[in-house]
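One chain, chain A, appears in both complexes that follow, with chain B as partner in the first and chain C in the second.
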Partner chain A sequence: MIEQFGNGLLLGIIISVASVALSLLYGVTRIVNFAHGEIIALGAIMTLFFSNPIDSKILFLDRFAPLGMNFSISIVIAILICGIFGGLLEIFLFRPLRKSEVGNIAVLVVTIGLSIFFRHLYLLFATGRVQNFPLELERRQTYLFFDMTPRNFQVLIAGLFVMIFIGLFLSYTKIGKAMRAVRDSNELANVSGINSDNIILFTWIASSMLAGLAGIFQAIINDVRYNMGFLILLLIFAGTVLGGIGTSFGAMVGGLLIGIFVQVSVALPFMEGHTEAKNAVALAIMILILLFRPQGIFGQKERIS
Partner chain B sequence: MLKVHNLRKRFGGVKAVDIDDISFEQNQLTSIIGPNGAGKTTFFDLISGFTEGDEGKVFLNEKNITNSQPFSIARQGMVRTFQLTKVFDRMTVIENMMFSGSNTKNDSLFRSLMKLSTQKNNENLIREKAFEIMKDLNIDHMANSYARELSGGQKKLLELGRSIINDPKILLLDEPLAGVNPKLAEEILSIIQKLSDQGITIIMVEHNIEAVMKISERVIVLAEGSVIADGNPEKVRKEPKVIEAYLGSGNE
Partner chain C sequence: MTIFLTAGSIYLVFILNEDGPLRILFNLLTFAGIYGLAAIGLNVHFGLTGLLNFGHASFMGVGAYVTLLLIPHAAGREGEITDTGLTFFPALVIGIIAAALFGLLLGLPAIRLRGDYLAIVTIAAAEIFRLLVRDLESVTGGVYGIINFSESLQIYKPEFLINFSERFELNSSQMWVGLLSWISIFIVLILLRRLTNSPWGRALRAVREDEDAVRALGKNAIWLKLQSFMLGAGIAGLAGVFLAFNYGSLQTTTFVPLLTFYVWAIMILGGVGSLTGPIFGSIIFWVIISETDRLAQLIFENANGQQLAGVRFILVGLLIMLLMIFRPSGLLGKKEELLLDVKSS
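And then the complex of A and B:
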């Protein structure tokens, strides 16, 4: 049970980072981004492309050898690429859609289309093979109660730092406050002198960078697959809803809880031999919680007047 | 101060706004009235940058602001409110006030990240000013409540406070008295009067004719997007076209 709890924390921190990213974007732009999973996968695939040894047999697009760069530098470059990717999506796709007042449902379908398009582009680029980052195997060690590899422990700590950073950023910086303002009312933010287009662009970039980071975490702990983001997307949505839609703090906690539910349910007695059903148990718990608290754990009931 | 020339806007086949020339003088309190669908709010949307006109030009202090972005018009000192009151729901009342108070001037990311001492000072000044305004509006006791917890009337007051914290030159008020009880309406009216006395140019869209006639120096009547009367309240009240289109004969 305790072992699974440690695994749950690891999965939770990945979902948590990805949920905050999704929730920020939804809050500021009202876009439910189904292509979020593909940005997650982009982070991992780019890291793989930059860091895998040149002489490894894996070729990208069946032709290009990976670049064999330093792993940490590869991570930084991959995250930057994700940010640029998100920024370009906003500038060339979502901003024009917004200006021509395309409805939310239509935009949602556009993101589903993007998701399918990019997922299959990755299939071409990085093939359907399950791949691993060029990292040495490590022995598990005990941290407090949990057994995990030092590298996974680093991921856990890094994830927690990212959360704290996001929280401070939103609460105290001017641009964070501006994001909260645009989330509450785009028009009112404009009347207060905020260029909401810039804030939305910034949100796309930040959300995409966080998604890319979540993908890299996921790939460090597990592996790289072309559809890795899509596979985890449902859990990310669950984390966002459980925490309370549109609240960043809620998304953090919701994501963490979903990860823990998923992994701990593996240790339940009736789950023996049925571990592939672990998501079902987690989502059932989510539904139960929502029955008692429909607005999510940290969601606020709105005063409707 | 504010000039509008040949401003036109159509929604499909409907002529929403069709105005040849209007200019608003500094320091005047002008009301725009007219039946529903007369184009009053669309007119506000056009001059505050929220809607692009089909043709025409808007000048603010001789500067062409036609099709400028709303945030840039707000930074130039023309601030508006909305028919459906808008507040930042998930911020407290004081945060609402201070947010609007701090963004029209410097907003470089660098400066916001480095909490420079001058900025701290600046923040304290804004806070003091916010409290002064809230006291005048009688919402200072709600300073730390979330804006979504306010009643409709209090939201109206907060919106008014938020819109004046930056010392706007022109204030566009879209139905400041809508849905407000008579006592509060009186209060809001006297605040508007006071703001006007302080030298703010005010343009107000309002349906409450008594109130409009009482405090306005100038009344413009719109019908189907066009100006059908323009002048001081007494003159407008007697205009036959206005009586027919809007005021009614008076024995309803």
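And then the complex of A and C:
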């Protein structure tokens, strides 16, 4: 069970980062973004595209060769691309929708269309193969109680730092405060001289960059697939709901908990031989939370029915 | 307008396929019938009642699994044969009821949730269903699926269909499934027409437009929603059974969320809230889908099969997005009928 706990922490940190991003976006824009998974996959696929050795011919319909750049630089560029992608989505799709007062439900369906569209665009250009980052294999080591590779341990630490950074950012910077103001009341924020359009644009960019980072984490720990984002999307929803939709701190904890639940449930006695069903555990937890404590662990009560 | 478009798209099949357009057309129409039926069920949820259901695949799955497990079949890795069982039609009825009951089971707790939460819960429940079916190999055949069940339906295949199929070199088994699904569509539509024009149907539409007003008038809005959820789920279950018989084998991979999104695309295309809309939406949709595959082969010459199949989903995604933005009530839907503006409060 203890070794599953280590795996759970790793999965948890991925879900956690992605949940914070989703929760931030939901808080400020009220959009349930089903295309979140595709931004996650974009981060991983872009990193792969920039960092893969030039002579590997698997990517991109055999037409665009990978660029073979330094891995760290690839990560930075990929995250920036994700940010730009999110910004473009807001400017060209979601801002016009908001201005023409399209309802939330219609926007939700639009994000589902967006998700299907981009996921299969990735399939077309990045192939359906399971691929790995060009990194050397490492031997597992013991940290405290957990066995994991040094690289995965670095991911875990990096994830924790990102969390702390987001927390500080939201609490103490001007723009973080403005984001929270828009989240609480768009109109009131406008009246107090906050340009909510800019804040929403910024939120999209920040959320997408975080999602891209989560995708890179996931790809380092596991692998790159065109549908990697969609596979983990429901777990991210579960993490967000568990922590309380729209709360950033809650999403961090909720995501971490979901990751641990999923991996530890593999080691439970009644789950023996049923490893495939482990995601069902997390989804069942999410449904139960929605039914009995819809505001999540840390959320405030609001009307949800 | 819509009928014209539908006829046009069928004509397109004849132009684009010089050899054997009939075979392709009837294949298309079979799929269109099955998916159209599922879309009618979804329309009861979303179009009539305003319930945001993204777990439609699980209702289809429940119907299919229950029905197939009751009739003679072979399941699992070893292909374990069960040669006793009900005949097709009693099993079908039980399958439909099971799907409706699954709708009730899911709806009882979930139906009170606000729109976007209901969407998340239904898609999650559908995934739980799929993962469980996949896991319970001893009952459902797991990843190996269920096979050898077609005979139960095919023994009812009428003589004229066999003769007709032989003359045009068509697959008579598929024709029979297609014919049955279209017959079901007409029966379901006649039933729904009666229902929607009844006081019950008007109350449902009222729930969609303003739930509080319905409550104020002393109607039980939750129970109305549940009834609608069960009705739509039952129709989906029926569609799921035909889907299984059309494939000739039942796999868990059939009931991935993409199936739900297909049905959504069809419903939006045909017109949210329009009774007959899904029929036309389904035909147009399947023509587009099948012709995209051929087009994609020309454009991306060195893509593999999986990638080419992706092209059609790219189109599905685009369709859902564009229709939702520009024609949220579909090609045929009545604009004033639709209230999509559920603001979160």
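Everything below uses one rule, namely that the second predicted complex is superposed on the first by the 291 of 305 C-alpha atoms of A that agree within 3 Å, B and C clash if a C-alpha of one lies under 4 Å from a C-alpha of the other, contacts with A are read in each partner's own complex, and residues count from 1 in each chain.
Note that a residue touches a chain if its C-beta (ideal position, glycine included) is under 8 Å from a C-beta of that chain, and two chains touch if they have at least 3 such contacts.
Given the structure is predicted, the values throughout are model-derived calculations rather than measurements.
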**Study point:** Side-by-side fit of chain B and chain C on chain A, or clash
**Key:** fit
Practice item. Please name the chain, chain B or chain C, that touches the greater number of residues in chain A. Key: C
Practice item. Using the touch definition from the top, say if A:Ile175 reaches chain B (first), chain C (second), both or neither. Key: first
Review point. Where does A:Asn104 make contact in the superposed view: on chain B (first), on chain C (second), on both, or on neither?
Key: second
Practice item. Using the touch definition from the top, say if A:Arg183 reaches chain B (first), chain C (second), both or neither. Key: first
Practice item. Using the touch definition from the top, say if A:Val191 reaches chain B (first), chain C (second), both or neither. Key: first
Check your understanding: Of the two partner chains, chain B (first) and chain C (second), which one does A:Gly128 touch, if any: first, second, both, or neither?
Key -> second
Review point. So, does A:Ser115 touch the first partner chain B, the second partner chain C, both, or neither?
Key: second
Exercise for review: Between chain B and chain C, report the minimum C-alpha distance in the superposition, expressed in whole angstrom.
Suggested key: 13
Point to revise | Shared contact residues on chain A - chain B and chain C | key: 303, 305
**Study point:** Residue ranges of chain C in contact with chain A within the complex
**Key:** 52, 54, 109-110, 112-117, 119-121, 123-125, 127-128, 131-132, 134-135, 258, 261, 264, 268, 300, 302-304, 306-307, 310-311, 313-314, 316-322, 324-325, 328, 340-345
Exercise for review: Show which residues of chain B lie in contact with chain A when the two form their complex.
Suggested key: 48-50, 69-72, 74-75, 79-82, 86-91, 95, 99-100, 102-104, 107, 109, 111-113, 148-149, 151-152, 162-163, 166
Review point. For chain A, which residues are in contact with chain B within the complex?
Key: 173-175, 177-178, 180-181, 183-185, 187-197, 300, 302-303, 305
Exercise for review: Report the residues of chain A in contact with chain C in the complex, numbered from low to high.
Suggested key: 30, 32, 61-62, 97, 101-106, 108-110, 112-121, 123-124, 127-128, 234, 237-238, 241, 274, 276-277, 279-280, 283-284, 286-287, 290-291, 294, 303-305
